[in-house]
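The structures come next, written out as structure tokens.
In what comes next, chain A is part of two complexes: it sits with chain B in the first one and with chain C in the second one.
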Partner chain A sequence: MAGSGSIRDTLEGAWRPALFLLGVLVLWSASTALGWVKPYLVPSPWAVVAEFHHDGALLAKHTEITLFETVVGFVVAVAVGLAFAVAIVYSRTVERTLYPLLLVAQVIPKIAVAPLFVVWLGFGIAPKILVAVLIAFFPVVISGVAGLRTVDPELLDLSATMGAPQWKTFLKIRFPAALPQIFAGLKVAVTLAVTGAVVGEFVGANQGLGYLLLIANGNLNAPLLFAGLIVMSLIGIVLFLLIEIAEKFALPWHVSRRRDLLA
Partner chain B sequence: MTDALRFDELGCTFRSKRQVTVALDGVSLAVAPGEFVSLLGPSGCGKSTLLKIAAGLVAQTAGSVTLLGRPVREPQRDIGFVFQRAALLEWRSTRKNILLQAEMRDLPRARAEERADQLIAMAGLRGFESAYPHELSGGMQQRVALCRALLHEPPILLMDEPFGALDALTREQMNVELYRIYRETGTTIVFVTHSIPEAIYLSNRVVVMTPRPGRIAEILDVGLPVERDYGTTMASPQLAALADRARALLGASAHQE
Partner chain C sequence: MHRLLRSFAALTVVLALCGSQAANAQSPKALKKATLMLNWYPYGEHAAFYYGLQKGFFKDEGIDLTIQPGGGSAKTVQAVAAGQIQFGWADAPSVIKNVSAGASVKSIGVFLQTTPASIEYFATQNIHKPSDLKGKTVAVTPGDALFQTFPAFLAANKLSPDDVHQVNIDPAGKLAALIEGKVDTLIGFFNDQAPTIEQRSGKKVDVLKFADHGVNFYGTGVVVSDDLLKSDAPLAKAFMKATIRSWEEAEKHRADAVAAEETLAEKAPPKDVLAHQFDLTLSLLHTPGSKGKKPGINNAKDWQNTIDLFAKYSEIKNAGPPSAYWDGSIAGS
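Entry: the complex of A and B
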């Protein structure tokens, strides 16, 4: 089942994207070395590597801030999102009142309201976290509601014949049954949270990767700009992988069955 | 002695926006403690609905139902219920699926675990205690569901076409084992099926039901010896005669349509 086999599979699966990335690097290197593109538009990969070396401390400082905003935003989005999902599934009234409003809240472009949050909450990290929460919240609610609803009605009947109280039915049947869908939502949400934090920083900040990117852009410092972009992507990828690992631990039954289905 | 289960002039009508369906009409039946009674009929004759009414999962629209002498008004907990699909929790092993019954009822842990191990041995599930449902065959999944339904030693077991989804050979095997378990535990069993030989082999009485509206056509007294070898019983002239009678009753209802 899951374990050494899946790690081996991951390594076996990694060579294709690695090869592709290597190809891109070679092409990138060549085009800058041969002068096809101007270095202030696209720096050479070696310039970017050198940038990591020079400004490592600077990048680390701003990364720490963006990472903090992202993680706090994500955690709050998950807590609030799941609470909403439970309320919606258990109460028709809440569903009728909140569901349409949620949709409205989702279609309002968060990027457009970000400046408003700066006016309300100032230049600190609070408005960035708020944008991250708002942008990551929706997939959590949607996957939570879908997951909690997919429970087999026979399992609820079974629980009734066991004389189980509502909270036990939720804890032992409904919630675990919903977890595969909830995890799918969490994976989407965590990558969106990074976007939210950076967008928040674009609007008004004096720290964080979004701020660093704006400064680099203003100074035509292409290597720093690219370094910033790479770090942002890495944050998203690492957080995504952490959720996948958590999923493997929380749902060994689901992960192994999914592997069976794919095989 | 109080009946284990009793229906009096029971009726059940489902209303949707487009139509009114009479699922059950004028059903009266008394099941004695320790009896094995099968509800036999084609799909749509209301036999599953009848079982769910007994469990308090569906409310009747006419008549009354009493379980162990008490009127049924809400989901009953003095029962074990086995569904057509095993209804196991995919994220729990065999043993933990069986112990769900104890967790939901707050039964003492040590006693429940001991009982679960006995049931696992009785149902031939030794060696599969830590397997997840998707690693088990359909027959094994139903055995787990049966163990779960028996964990709290219920005075009455309600089974809703539990072997309907199994292949013919597994089904025969499950019939033999269920009969053995019935003999060992002495639990009252009400068993829904659409298989004529299955109903006769297992039961003391077979309730033959006809559809639209769901009614009892006739109640057959099986009268086979208590010790029932599967092969001998299947080949016996008594079973053939009873099966003919059941087929005639079910066929007659098909002709009316």
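Entry: the complex of A and C
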């Protein structure tokens, strides 16, 4: 892996998104200052900054809850998703029965079923985690199945001729080969888990960013609404980056990482 | 080539003739198209509008009206403010909230002058006065007008927020939660949920009306944008005239009004629920200050009462006078 060169590369690569963000900020300030959008719909960036300052503790408290729901939901989604993926790859019957059900579960808008979960599971944290799991597990399944199927068949033959049992073949050959695809699915899933947790909170919650967004919406408190949305996005970005870092450590040998070495 | 040109010429002549005939057919009276967005999906409160539509009261005033369901008074007011629809049926608290935040809208007449806001519960809960609510769970929806006025109700009845256990649920989920017994009571509009819950569950529903227990304020009425009042006040006046007529006539012909809504509204509740809801709605049209007046005619005192209540319990600074929120000249007197 490249040493100090990668820090320079990161900085060199960072100026473009930084410039873009600056441009967005300028456009945002201009549109609110010039009155292109109503302040109760889109607040000025400075009003949002003031809101962070004013309600920082409130935002932090609710963020913690949503973060917990997101992370737990994500972990469960990964466990469930990978379990399904393995079952689908290893059994034709499971594949034929499960795939259509998974598709149905994916297509149904979660915001329509979330109220049912609240009635069944109560008003605690469980229905929010369940919604997060339902929204996030599908990409894990799909990428898991795709990954587990892309192993080189010759390696599988080699493993068989050497007399390796199924579970060893899975652990040493199939699963590592599937990891690049799986990580791609994980990145999608983690951002969806944030959405799922917040959707669950919209429907029935006393705390969390979704609850805060509802209050802000009802009070026409646009700065608080935007502050909440920004925090939500940051949660998604941070979790995404964590997965990228985990991927870097798990797959240093992968072709997509070789570019860093050559640089 | 010649044949193609000839048939093309013939076609043009035919089309031109048709066009002029169509223009002649349209010239007698061009109706103005307008849309009314309701505060929610159609329920019994809206029977008067469907009656007026069916009997042609709006056509008589030159309006070709389309009625659209809404998704909450707040959304309706914002749609009016954005110019997406001409007329909104939305409650006064939403008007006050949005105007204070900078939206350019006005109410031109509140019809439900007594709020239907209430605590609703199965009669088996044995709640007969506000103090019986101590220790009960109350389903509320964060952010809506009921959520904001509940503290006023508690304060007016010497209850503290800790005396009841508030549970947050979205509006549709509240009904399911009450019917399933997950909550003891819910806050809603008694002319909306109570008949529905009774019909669904077969059990009697009792209510504690905010208006009976020290908290009264204006409910739903007609909302228009300031732009419309500037550019086409006659349209607003015509709509108000037709609306007032619709409400007066619907009150005299309740069964017909309910039948009109059942026919014209998509996915309205069943007829007996509609009838029950409309009957309850008709009890809300006046305050002591507007007795004897036509429906939809407001006065400054009642408006000030509503404004003061909301300025106290919502985060409204510099509430302003009634004229900031209501234009009484459109409805006349």
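What to note about this one:
Note that the second predicted complex is superposed on the first by the 242 of 263 C-alpha atoms of A that agree within 3 Å, B and C clash if a C-alpha of one lies under 4 Å from a C-alpha of the other, contacts with A are read in each partner's own complex, and residues count from 1 in each chain.
As a convention for this text, a residue touches a chain if its C-beta (ideal position, glycine included) is under 8 Å from a C-beta of that chain, and two chains touch if they have at least 3 such contacts.
From a predicted model like this one, the values you see are computed outputs, not experimental measurements.
Once the two complexes are overlaid on the shared chain, A:H254 sits against chain B while remaining clear of chain C.
By the document's definition of touching, neither partner reaches A:T93: not chain B, not chain C.
In the superposition on chain A, contact of A:L158 is made with chain B only, not with chain C. Within the superposed three-chain model, A:P176 lies in touch with chain B and out of touch with chain C [touch as defined at top].
In the superposed model, A:K168 lies in contact with chain B only, and not with chain C. Those residues of chain C whose C-beta lies close enough to touch chain A in the complex are 74, 81, 97-98, 100-103, 142-144, 147-148, 166-170, 172-173, 176-177, 180, 182, 314-315. Those residues of chain B lying in contact with chain A across their complex are 52, 55-57, 75-77, 79-81, 83, 85, 87, 89-92, 100-101, 103-105, 132, 134. On the side of chain A, the complex with chain C involves touching residues 38-40, 115-116, 118-119, 122-123, 202-206, 211, 214-221. Every residue of chain A that touches chain B in the complex is listed here, in rising order: 152, 154-155, 157-164, 168, 172-173, 176-177, 179, 251, 253-254, 256-257, 260.
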